[in-house]
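One chain, subunit A, links the two complexes that follow: it is found with subunit B in the first and with subunit C in the second.
Coming up: the complex of A and B.
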């Protein structure tokens, strides 16, 4: 790469480095700051006197005797039983991802392999459905769910999240399936496979990267959801994100803010690990739709 | 693939979408024509030691029974759409008739809840979307030019604002800009005004939400543009160089035209996502100065004592109309492409 034509002048290099540093500060600093602050007491993290208190932590020293405290985490996870919400989130997310992917691969495969006109209409309908604000759909669910007495259960929420996920999952898997040559399943069918056997034995083994990438996005959609879970789950079945919102309702009491801060950091951590391990898949998934236009 | 096989593969997915997306939309349309029952009043005689007096109260049993019989409420036609908390047609007419100038009309319309939310939603959608595209593009170009070893970590941290739950992300920022948080305190000392608070004035709240929106979505634009930059043909870049184009001109005349389809794609995704802005309003506790259409629906369903299904449904229908209007250009383009494609 010692091509003189691609070599950059010094000021430009300095400028790009400065820009990157500033962008990284903007992108990452809020999270690091909140993580740091979650080990302090409220008097330090929300200091009236001096923002430096959040770093040095005099009130934390005074109230707990150490430089860091787990009070916020103890309060959230043990006192307020945040573990129950984490467990609910786990159940909802795992089942949503599994069911979404099963339905999505079947449907996406059919859409990618059928040459008939109605596939276009199904895809367009899916696009419109994807654009619907979730809260408008939820306002359609509430009354029937109350009537049928199925409001508040985890199962209902999982089914709803799967359905809301479908348009997106279909689009994404459809474009992944398009990138797999038709010859593959046709060859399998010539060899005597039925359509479903060809799908399961010949296509799915080479589709794993696409399925995993789509699964990641279904995971994010289910994990990050606030609208559906906040409105469709009863108090005792609620998941992490709505629970954080209800911590905020009680923040007037001293010390409770730190419960919310600790809960927020706990909710960020799995996402942090997710990017750490699946960065490549996330990037390829974001661009998969773009390349196909 | 024969129709029968196609149907065998797609029916579960189609069934889920029809049952939980298409039918709810119809159900919302239906609900929007109804409103809550009127309270049934009964007069009861209360006789005490000081004589009898009659009092009027709600007849609970009759109400329960009525709700049992007609859960959706009573038929109200399009009345909910035109009432003051939705399209407010009478109020608009009155405002236009009695106001002196355009500024007054605007201010008075901004006080109607539906229009207030609509204007904020549109402003958010059309201000944040272009900013996201521009910022994402700049980050992508710069990251593309740094040494390869640094790219991985930079992308890792850049993804954070986008991946994190919107409610959580907005809370993290909210705690920092809070007047007792680090950024809030820093702004106070920069402007020398100890009472300065970003959440106090409507204008500053709007700006805060816009900043949040750009922060949240710029990584998405960045990643898409970054992937696009890897595929810019080297030959074209080199011939531009031979023709004497400098760095800026190469970006202007080669890279940008090449990435334009990607910008359209990002723009479309952003329009859809920004139009449903909702969680940040809760995270920033901004409802007093900025509400969105989604927030209005949530408010009707969740925050009032009894859920106002009719009112929420009417707002939902109006939101759906908005989404369809936003999507028409995309659908038309797809339709044209589809017809051109020989199949």
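Coming up: the complex of A and C.
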């Protein structure tokens, strides 16, 4: 730090800090606003009289007697059984991530180590399917799913989400595997491993950062998905995001909008925890320097 | 017992020929070096022995067993890779223990075997480090340790020194030679560096474009190159090669004439001789031409002429002084000369 060559002029430092602070505020504002508002009643958060009411909360004071209220949360989680949607989301997300990663690591490894030209075309095809709007696939699925009587189940949704997600996991893991030198698997095979043992014992331990990063992206896709879950799940099986949407759609009933706000805040929290927890693994670089001199 | 035989082994990818009809018998405990420029098929040959590459044609025999169809793990070999191939997530100790673990050697023996290997490659102090915390030379020693921790039938080494700096290369080379003689294991070593080949090998196989050019002891290959390729590949500097015409024992080329050569050959030939066998003379030499350059090598000086299309060099003592452009003469007696057929490149036996 004391090195004069790397020392920046004071105004520049001040300017950069100011910029970052302003940017942070702009970026975080919607979250903070929603979080604050989730503890108010609808009359405040969606006040027509004065937007300041959302901050000061006179109606909340009037209706509940306190400055903050848990009414929104109570309504969403207890009255409307939002916990069931959370549970559905958990099931969908966990299985989608596990299946995508299993298929993705095996497939990505095979593609990365295969010397054949068709790997390029497989990856290209994967990219095309990934680029398609999800709704084009879902609309095609609807009729067969009704006919087969598998519409509305969590399993069906998991399969569809895996299918949509798979091209991306394949691409991502494929390029991670490419960055791991072939010498590593070959050394393991000469040392006495079968091809699969070499994959499991030598390659995968080095691949963790890649697997976790890819897993996180699959998680986000499944967690945030609206198109697929909204169209393929029956009322009782629906996940968090479509449920929030249906809370928002019922504005004529007073108070339900606040369920949506409370549910949104509840849905954000796990994301923060997850990223905080895995941030070290997301930064890869475990192989750097170890295999090549 | 651990004799290794390659019987007319070929490797082809479509129409591309990687290794063509490689036929060689490697004796038990022999140190064999495969030498050649990059892309000559030497690494492919080694990878076929290891089982990392399939054999298109021919048979590989390890001891009494044909191993063509066996997986690498069933061939009882160990291999050192050019880029080490260490497991970055494991410590030095665990890296060296890895083959024992996957080969289900009883656990009680692990510590003793690993420690012995670690001692042999002198890595005691670094046992608990991970590969990323080691220098290139230390990493290569870990790879060596992993190869010797169990006693395989054959050691394969694929350019193990080429990622090391020049000084380290010399000491690691000596260490490899020493280890091999202690362990008495048949070794196949691949390199493109002819000095490594000369210093390590009991026998050298010189390869070019997928074919064996010559097999012999380092001395054989140095003294009696089978063709112009071997002659120009072995030795530092490589053998001087001058194209010209031979008639009645007289070789004539641009700026050079040598008498007293064998009379049974004639026509277009290439004359070869080594820089250290010829000498600079004040007059009456077989070469008399303006000097192209003079380089001081330390223990000697190298005089170079431009003869025909190429350069010809002769070593002389380090105190020799001349200016570029001066006419300098060299004596090239017929005894030091090798003759090659210019068209085929093959040696003309005397």
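FYI, the second predicted complex is superposed on the first by the 259 of 293 C-alpha atoms of A that agree within 3 Å, B and C clash if a C-alpha of one lies under 4 Å from a C-alpha of the other, contacts with A are read in each partner's own complex, and residues count from 1 in each chain.
The rule is simple: a contact is a pair of C-beta atoms (placed from the backbone, for glycine too) under 8 Å apart; a residue touches a chain by one contact, two chains touch by 3 or more.
What you see is a predicted model, and the numbers here were worked out from it, not measured in a lab.
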| item | value |
| --- | --- |
| Touching partner for A:186 - first (subunit B), second (subunit C), both, neither | second |
| Contacts of A:150 with subunit B and subunit C, given as first, second, both or neither | neither |
| Contacts of A:90 with subunit B and subunit C, given as first, second, both or neither | neither |
| Subunit B versus subunit C as contact partner of A:206, first or second or both or neither | second |
| Broader residue contact with subunit A after superposition on the shared chain, subunit B or subunit C | B |
| Which of subunit B and subunit C A:139 touches, first, second, both or neither | first |
| Which superposed partner A:197 touches (first subunit B, second subunit C, both, neither) | second |
| Partner chain in contact with A:279 - subunit B first, subunit C second, else both or neither | first |
| First (subunit B), second (subunit C), both or neither touched by A:178 | neither |
| Touched partner set for A:20, first subunit B, second subunit C, both or neither | first |
| Overlap of subunit C and subunit B interfaces on subunit A (superposed complexes) | 286-287, 289-291, 293 |
| Subunit A partner contacts - residues on subunit B that touch it in the complex | 1, 3, 5-6, 8-10, 12-14, 16-17, 19-28, 31, 71-72, 138-139, 142-143, 145-146, 150, 152, 154-161, 163-168, 171-173, 175-176, 178, 180-182, 185-186, 215, 219-220, 223-224, 226-228, 241, 247, 261-262, 265-266, 269, 272, 275-276, 278-279, 282, 293-294, 297-298, 300-302, 307, 309, 312-313, 316, 319-320, 323-324, 326-327, 330-331, 334-335, 338, 343 |
| Touching residues on subunit A, where the partner in the complex is subunit B | 5, 8, 12, 16-17, 19-20, 23-24, 26-28, 30-31, 33-34, 37, 45-48, 51, 54, 102-104, 106-107, 109-111, 113-117, 120, 122, 124-144, 146-147, 159-160, 162-164, 166-167, 170, 195-196, 199, 220, 223-224, 226-227, 230-231, 241, 244-245, 248, 260-261, 264, 267-268, 271-272, 274-276, 279, 282-284, 286-287, 289-291, 293 |
| Subunit A-touching residues of subunit C, taken from the complex the two chains share | 50-52, 71-73, 77-79, 81-90, 98-99, 102-103, 130-132, 135-136, 139-140, 143, 146, 156, 163-164 |
| Complex contact set, residues of subunit A against subunit C | 181, 183-184, 186-194, 197, 201-202, 205-206, 286-293 |
